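The structure appears right after this line, and notes come after that.
In this document, chain identifiers A, B and C correspond to the written order of the chains, with residue numbering beginning at 1 in each.
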Amino acid sequence: MVSFIIKRVGHSIYIVILVSIVVFVLMRMLPGDPILDLIDQRIEDAIEAGIAMSLEEQDQLRADLMAEHDLDQPIPIQFGRWAMRMLRGDWGRSIGRGYDISTELGNRLAISMYLSAIAMVITLFFGVLFGTICAIRNGKFIDNLVTSVSNFGMTVPGFMIAIVLVYILGFRLQWFPIFRFWLPWQGNPGGSIRHTVLPILTMTLGGIAGLARMTRSTMLDALNADHVRTAWAKGMREKTVILRHVLKNGLMPIISGVGGMIRGLFGGSVIVETIFVIPGVGNMMVMAMLTLDYNVIQAVTVLFTFITVMANLVTDILYGWVDPRIQFS
Amino acid sequence: MSTKITNDPNNADNKGPGIGEPFGEQSFEVLTEAPLPPVNEFVRFMKVFCRRKVVVFGLFLVLIVLVAAIFPNQLAPHDPLTINLLRTLEPPSADFLLGTDDLGRCTLSRIIHGSGLAMQVGVATVLVSSVIGTVLGLIAGFGGKFLEELIMRFTDAWISIPGMILIMLMAVILGRGVFGLVLAVALGGFPGYIRLVYGQVMTVKQNDYIMASISMGDSKMRIMFKHILPNCISPMIVTMTMGLGGGVMAEAGLSFIGLGLAPPTPAWGGMTDAGRAHLATLPWLSLAPGMAIVILVFGFNMVGDGIRDALDPKMRGTNN
Amino acid sequence: MERLLTVKGLTTEFRTERGIVKAVNNVSYHIDGGEILGIVGESGCGKSVSQLSLMQLVQSPPGRIVAGSAEFNGVDLLKYGRKSKEMSSIRGKDMSMIFQEPMTSLNPAMNIGKQMSEVLITHLGTTVAEAMERSADMLSQVGIPDATKRLKDYPHQFSGGMRQRVMIAMAMLCTPKLLIADEATTALDATIQAQLLELLYEIVNKYNLALTMVTHNLGVVARYADRVNVMYAGRIIETGTTKEIWANPLHPYTEGLISCVPKLGQKLEAIQGMPPALIDRPPTCPFLARCKYRQSECHKEPVAELTPVDGQHATACNVRLKEAGVA
């Protein structure tokens, strides 16, 4: 068990390192210019202050800015310096805006994690519930209904769900506010919760549909397993058969899907946070992408990868703990 | 087909045995029963495929979008790019069935012209990612320990990056053209194919008939094309049709957050985003292109479902 | 001994894409208390499905019991719903079944102790502690060493033969009146098969249970069974005491089966041809195509009902019945 965890942790670290190298190098090979916006802004600032920069001054400014972010160095040296700083816990500064990435990430991650955690719990609960009901009532009305709805639900992109929700619940019915967000412990918890409703619905509806489908199929497999026939043959009643012999076996494969769900939630946060103007990590990432802020893109990618890898690690361990057949070796 | 058991084939005057007397030394023929009509695989496929109405409906939706993608100029009532600042933000009318956007462009025409991009991106991304994925999967399965480790570890890393982030990264890196977009979405999806093909190679390699094939001195190439690839085709087709919808969604997502094709090219995702500003007053500006995405993705997914059911060996010879 | 189970006209169908398969077709037989009945036949002849039908464990859909009655202990089992309380209270208590697949028939995510004790707790309402104690006792009776300790083990920690022993122990917990062993030893290797059969025989005798042994191995039946039903294409085509059938097989199929049992110094004979498809069968004898004794009338007459020829010995072969002057 311990050696298994050590091995898996090693594997996880290795993946995070690999991803950070690949992203770091790929970004620096792209044709775009990360400090273009920044220089434009400085020049404009200067003009507003009544100073016109000469071309030499502009070139000097560019060279300074490049040097400030190590961009004048060869890529391996840039990476080496970045890695050394990371090891000391320094995530660097935003190229475009100059903020300290780790401070900014800390605040924003709390918000993204908060929303993702709520979305996760809701998705798991309803996805498993609906999927299980479908499997038990296979072919009956409720199964057809839920299956059709989830088939449809899986085809609606997140932003479309968000727009429909905003239009109906936000504009037409005026039940929920359509943008801004703060954490409940940052004051006015009631308002915070009202601001949570639409983002959470957006984050969960598609996931519930997918999970219901997945649960339905694993539950059907579990329902038709030989050992379930044995349970019936032993004279167990339907409730016992399902609760004791089907549910656990049908849910085990779901655990391994949870890692993927977390990956999907963080990927989706990019769009949800953009639509609802939520100051989370995804929002930060979109800004960074649009201005080619290398340092922020690098930081967020590494962070998200780390979270996904950790989620996979935890689900693997959980799986082994639940399924007695898995030997940690 | 009948089996002839006879000890003396020249013994033609065979009157058959009396009661309780076996055919014995004389000729005995196992009778052939009228065989059940052979199952025509194509007919069976179509039967299973068409059994669910929703699958047929999905196919119908895909065909509609396909027609729009092929004949946009014939179908669209207006030019999608013509700006008419005198007629901006009009509600639906006989002239503009879905109204006009803030530059006075016909929303319906823009949706029709956007279908080409959606279709292209959907199909091209699936083709690109499946080809890259298959080749790398085969190399990982057959190319020896070093390449296997390299490719599979890389795949592990790749799928640890959240999907949308990965596609966005690729889009930023590859630039804003159709080519860059397709490649970005394809690069987001190809590890799935690597795992599929690699898994298939690993499973099939264990089979006795591969061992037999190897022991008979068949080359790797031959095994690859004769045994591995045919085994991959079914799951591959299923993953590919499912991937079509995913590709369309990913492209729409990209253009929604502004990382898709540069304006003014009509793209459904970008239109949905642009219409958001007028959502309270002119909801169709955003909802109509959004619905177009949903229709195409739904169509692709249902067709994928139908194909999966029809190809599922477990479904053969059953009614469920 | 008193009559324990009387099956009449049992018919089970499966719906498939190509038509309705009559897996069990108008099967009637009986079993007395303490008796060992063998059911033999090729794969797909309906022997397992007939037993699953009695337990109402046929997967539905696609399977369905369409006709028949099965009077067990004075009640008609087929009247009860598949999931009814009455059926549940008979399964595992008065009538137990051991399945063919030892590797998958136990719940992989639950330890043996829990899986066994739940039978006692459900049917007899014992306490957990007592159920565990009795389970351990039963495990040691079926030859599992260190039984109390092994209750905590999971199925994957047992070998195939050991798992089947666990299955036997589980089936025996409530001392049922009828035990059905559905190809219980087929998947195991020969030495273990023999051990398990001996064990089953011992236990059945010790508790004086009736046993239905479903197998395709006539040798096994000859050694243990009192009476034999021979099934072909969903029908019982011959029944009788083991001695009668072994010494004087009436149906050509039975004769073929017996000649398939390897005997020292004799040439092994095989039955030519394949069993017929079970969809849209004509009413004629299903064995016709492979029969060495067929007559031209066989092609015209519908297949005979199972008709007694002599004492318990009955067959469904038109030719042999005529010969014996019965039909």
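Assorted remarks:
Everything below uses one rule, namely that a residue touches a chain if its C-beta (ideal position, glycine included) is under 8 Å from a C-beta of that chain, and two chains touch if they have at least 3 such contacts.
These numbers were taken from a predicted model, which means no experiment stands behind them.
Here A-C and B-C are compared, and the pair linked by more C-beta contacts is A-C. With respect to chain C, maximal separation of chain centres occurs for A (centres as means of Cα atoms). We define each chain's centre as the mean of its Cα atoms; on that basis chain A and chain B are separated by 26 Å.
Chain A and chain C have Cα centroids lying 55 Å from one another.
With centres defined as mean CA coordinates, chain C is found 46 Å away from chain B. Multi-chain contact residues of chain C, defined as those touching 2 or more other chains: 61.
The set of chain B residues touching two or more other chains is empty.
Multi-chain contact residues of chain A (touching two or more other chains): none found. Looking at the complex, you find that chain C touches chain A at residues 55, 57, 59, 61, 83, 85, 88-93, 96-97, 99, 101, 104-111, 118-119, 122-123, 154, 156, 167, 170. Every residue of chain B that touches chain A in the complex is listed here, in rising order: 54, 153-154, 156-157, 159-166, 168-169, 172-175, 245, 249, 252-253, 256-259, 269, 272-273, 276, 279-280, 283, 286-287, 290-291, 293-294, 297-298, 301-302, 305.
Against chain C, in their complex, chain B makes its touches with residues 3, 5, 16-17, 19-23, 28, 30-33, 36, 39, 44, 317-320. Those residues of chain A that touch chain C in the shared complex are 139, 224-227, 229-238, 240, 244-245, 248-249, 252, 322-325. Residue ranges of chain C in contact with chain B, taken from their complex: 15-18, 61-62, 272-273, 276-277, 279, 288-290, 292-293, 295-296, 319-320, 322-323.
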